[in-house]
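What follows is a pair of complexes built around chain A, which joins chain B in one and chain C in the other.
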Partner chain A sequence: MARVDIEGIEKRFNGEGGVHGVTLSVQDGEFLAILGPSGCGKSTLLRLIAGLERPTAGRIRLGGRDATGLHPKDRDIAMVFQNYALYPHLTLRENIAFPLKVKRLPRRAIDTRVAEVADMVGIGHLLGRKPRQVSGGERQRAALARALVRKPALFLLDEPLSNLDAKLRQAAREELKALQRRTGLTALYVTHDQVEAMGLGDRIVVMQAGRIRQIGTPEEVYRFPGDTFVATFIGTPPMNIVDHGDLLVGFRPETVIVGDAAGPAVAFPVVIRHVEYLGNVNLVYADARAPGQPVRVVAALPSQSAMPFSPGQETNFRVDAADLRFFDKATGLAVRDAGVTARFVQERSDG
Partner chain B sequence: MSRAFRLGDVASDGLLLRELSGKALVFLTAFAAASVVGFPFIWMVLCSVKMPAELYNAPPAFLPVDFTLRNYADLFIQTGFPRYFANSLIVAVGSTALSLLFGAVGGYALARFNFFGLAIFAALSLLCYMLPETLVIIPLYMLASYVGLQDTLVSLIAANTAFTLPFALWFMRAYFRSVPASFEESAMLDGCTRFEAFRRVTLPIALPGVASVGVFAFNNAWNEFLFALVLTSSERNKTLPLGLSTWIGQDSIYSWGMLLAGSTLLTLFSMAAYLLAQSGLMPGIGEGGTKG
Partner chain C sequence: MAEPVTVYPGDRRFAYLALAPSVALVLMLIAVPTVAIFALAVQDVPLGRYSGDFVGLANFRRLFADADFYAALGNTFIWIGGSVGLEMLFGTGLALLLNQRFPLRWLARTILLAPYLLPTIVAVLVWRYMFDDIVGIVNHIAISAGLVARPIQWLTSPRVALLSVILIGVWKFTPFVVIAILGILQSIPGEQYDAAKLDGAGPVRRFVTITLPHILPVFVLTALLRTIWTAHKFDLIYLLTGGGPINATTTLPVLVYVRGFHDFDAGGASAIALVILLLIALLLVPYLLIHRWSEARQ
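What follows is the complex of A and B.
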């Protein structure tokens, strides 16, 4: 196991995409999720670390050693591809044994290790089959086993669960987390699914347009988004953003209390548009009064609570001052300053 | 057919009848096509086992009156057939091997790499493929004699390879493009060099394509006539098609029976090679998979 240090890595393609000036460190034993919309450069970043792409500029260090120009085979990295890349002409056993066979390990050692890893991921009974003869979930496990078999310093996982159906994905996610805890492996996990990133990652790297927008624990990224992109990309429904002079004010839908009753909270006057029942929550859609165009805001309320709202009704979305987030209107970056909050609360209560 | 009619109700009978007549039409067409293509071949085989005198009977009998293998025996005793056969085999195997080697490696390079001049090279090779044999044969002869290779089997192997290679390159390029790059990327991360990844993963996956190119190259070299005619002159270096053709026109026909017997063996061998490639090579892929 080893740490990874990426310094100002740059990859330009003709046209769009690529990675621009990414600096990032992964600690030994850490599970780092890279999250972003498709085309944000997260897969390219992974391929750069694997050595499948050459960076235009910047350095990659693996375990303290410069690996920028190293051939993929010399990096001691295992990768699980989105399409699994199981060799179709080999059985699962041969697929899993492949990295060890390339290393010319003795046959008996290979057999023992393959059986061990196959049992760990629960495909011990399928080893004689070809990849096309097993299900998607089993293929995903086989790909995982092939990555695990030679105990590499670093694991790269490129959307390994995206080809599974929703139910299987949930189970596979839990297993993957358990496996990671058990083996203590260092892993970079690329996904566009925030639930996967939040559930699996010790830390999350949020990327957009080839740049890192924020790095933090799932809680940090969710509660204190670094900018408006992260605020609106993470969370379903995303954070509400309301204009306020040269600032943008943000609040999560679940921090909202709807109604006119007085309290310490800051009130946002709104007009209710409609209510959506989702089982566990009710989503209350409303238009917040703002300078110029009204802004669509959402409140998520426990579904047991009474819903005495009708479309067109004027009321308030009330949010505790501690749950408000502020962003610079020009840059979109978070403004974390107690003074700003106090001033905003002051202005609101005056008005 | 009548049983099928009894089993179905009226509506499905009508359907069945239409289906059967449709099938009959397909079979008739296929039969007609097969007869046109196949009759000369069958006639050749039948006549090769007839007595020489019987060949001149009018009207001819379809089946041989006296079955004989004398034509085949004469072929080996009286003529240079064994030598022609060996020469053809050397040329066909040699140029097939070279076509496969350069076709696979070159096709891979065309499919995966992108450096200056590669696209031009690919286009040029296609252009070469469009040139007819007759156009290149004189320059080719001059080239062969310039390097001292006239009247050798090596010059034939080179000429046939040169003629097959553009096809091999383009075919293999298309085949390799259909193999996702993630297979060999995965192999490289698993510890292979690029060439090892090519040999252990990409090539086995592309084996059906390799087999197709092999069959094409072998068949082409096996039947090739013009290169052999121009590039070789001595009896020692004649290939089968050339050797057999020289029997035509020397003192009218040397022996129809032997010519037909020789042609039969020539055809049977290339058919056998084809079947071998199809049935012997394809399970070989699966076998390679399970044995590793």
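What follows is the complex of A and C.
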């Protein structure tokens, strides 16, 4: 029922922003995270699906039926907003009941349903309060309850956790995921926080400058980034990228080996600059020798093991050949070719 | 040379000393004139003097027996009610309109504010000219369009003059209401309207659920300020009509001026001024009640 198909959707604004030729399908019951830097068009995409913006071109189908020109209220979509969009002069009960009151449901049915969703998100005891009399986390739950109350086919969430503090955000993330599993809702979740996207999304859509850069499971997007943008946007610190002729070679900071390699490995000659102790890992910042300017690369080593590097030292970052990623220098797109890897390993093998 | 004064932090006497000039200034500017009004209201002050014989409540007894006073009181109520009512109505309507997106909106906003920025004397000259019986453009248009057969005596007919003065005041002061209401309209988060749209709320329900509760406190406050200022208004009326014809536009402030500076009856003028003070205080009561009620709802 809640399948979403977006075909070549286009939204142009005067100046920057907008969405350009986005094609995307969301399966029934899927939790899809849309991830990208601010201004990448991810919120606009959500508003296009909701019907709050009209596309310049392209089609949107909801549950197989063309919804491109449909009024927002006829789309059976609920949305949770970044600032919650609760009506400040209504109590939480009145806020949550609002969508049902608009639908003119009988009073008894409304009361029952409101109590049900309020308990589901754990704010049953706060229904008599006004939004400004409850905490940020409780407001966020109330917004969630208002969206859930009329059992929408599709659930849109626009950075719903970004106004919560870090600790609360973690807990809210877990609850949100559990809630979605329990209700089997189809959800599109917009965020600029890669941890949220990785943790919540069944799949992640990475967007930049109004276009989709990659769609994949969190693991696919992390391990096999489709281009250099995804490689350097996802991961903290991001993937190291080193120049090699008409190719770019990438490796994740945690793939740098200390000790013996499992298979064939390559060595990147580096000069160590400084080491950061972060508790669970040590980050080793170094300059990789490259044609022209040296390139900053980072290794993440488990902090339990001995630190083999010291500042000023000229040494190698060794990486397993299987952990290397290649990108076309001109297009930035990933090159997946066993031959390319083999040739590179032959040239740079550390024996 | 005086001995140097040692000042310790927290020395209360020094704090009072430091405040003294400001307190003195406030007393001179606010307290003295206010007390003077009360004092003058119970005296019979002859021409060219600052004080006279104590006469008790004689000035008030004279006032309450004076037909001119009751006429002015009636005019004042019509003037306040008509002006504030129309200003709030048009001001809110225009603010809602200007809050919509349309081409050249900035230009419309700028033009709309012009009357408020214009000096009163300039506005008066322009309107007196436009409302002139014989050469005024208003009558010219009205006659050409066949709306009226004979010129209307906008500012010279006792039956029309107060209405004309109210309309000119509304023209001049509506922009204030627009600024206030438009400001609060623009502070309403767009997300609330988006959420309501998705929930199926139509324009009327969105207005009642979101717009109205948001603007209500500012609406009440603006009406309150406009009431106080309109009750005091003197220059616009006096310059337009001088209170005439035959006292038709004489409101209480105009009557204060006439008693004080035409009749040289400072005691009588002060008595009227105190009545204005009382009137405004009474008018504020309902506003304050509404304000407290809407604060409690938030």
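General remarks:
Everything that follows uses one rule, which is that the second predicted complex is superposed on the first by the 341 of 351 C-alpha atoms of A that agree within 3 Å, B and C clash if a C-alpha of one lies under 4 Å from a C-alpha of the other, contacts with A are read in each partner's own complex, and residues count from 1 in each chain.
To be clear about the criterion, a contact is a pair of C-beta atoms (placed from the backbone, for glycine too) under 8 Å apart; a residue touches a chain by one contact, two chains touch by 3 or more.
Owing to the predicted nature of the structure, the values given are computational and were not obtained by experimental measurement.
Per the definitions stated earlier, placing chain B and chain C onto a shared chain A by superposition produces a clash between them. In the superposition on chain A, no contact is made by A:44 with either chain B or chain C.
In the superposition on chain A, A:132 contacts chain C only, with no contact to chain B. In the overlay built on the shared chain, the residue A:103 is in contact with chain B and with chain C. In the superposed model, A:140 lies in contact with neither chain B nor chain C.
Once the two complexes are laid over each other on the shared chain, residue contacts for A:77 go to chain B and to chain C alike.
Applying the stated contact rule after C-alpha superposition, one finds that A:91 touches chain B and leaves chain C untouched. In the superposed model, A:255 lies in contact with neither chain B nor chain C. By the document's definition of touching, neither partner reaches A:180: not chain B, not chain C.
Chain A residues in contact with chain B (one complex) as well as with chain C (other complex) are 50-52, 72-73, 75, 77-79, 81, 83, 85, 87-90, 98-99, 102-103, 130, 146, 150. Residues 189, 191-192, 194-201, 205, 209-210, 213-214, 297-298 of chain C are the ones touching chain A in the complex. Chain contact summary for the complex, chain B toward chain A: residues 180, 182-183, 185-193, 196, 200-201, 204-205, 207, 285, 288-290, 292. Residues 50-52, 71-73, 75, 77-79, 81, 83, 85, 87-91, 94, 97-99, 101-103, 130, 146, 150 of chain A are the ones touching chain B in the complex. Partner chain C is touched in their complex by these residues of chain A: 47, 50-52, 72-73, 75, 77-79, 81-90, 98-99, 102-103, 130, 132, 146, 150.
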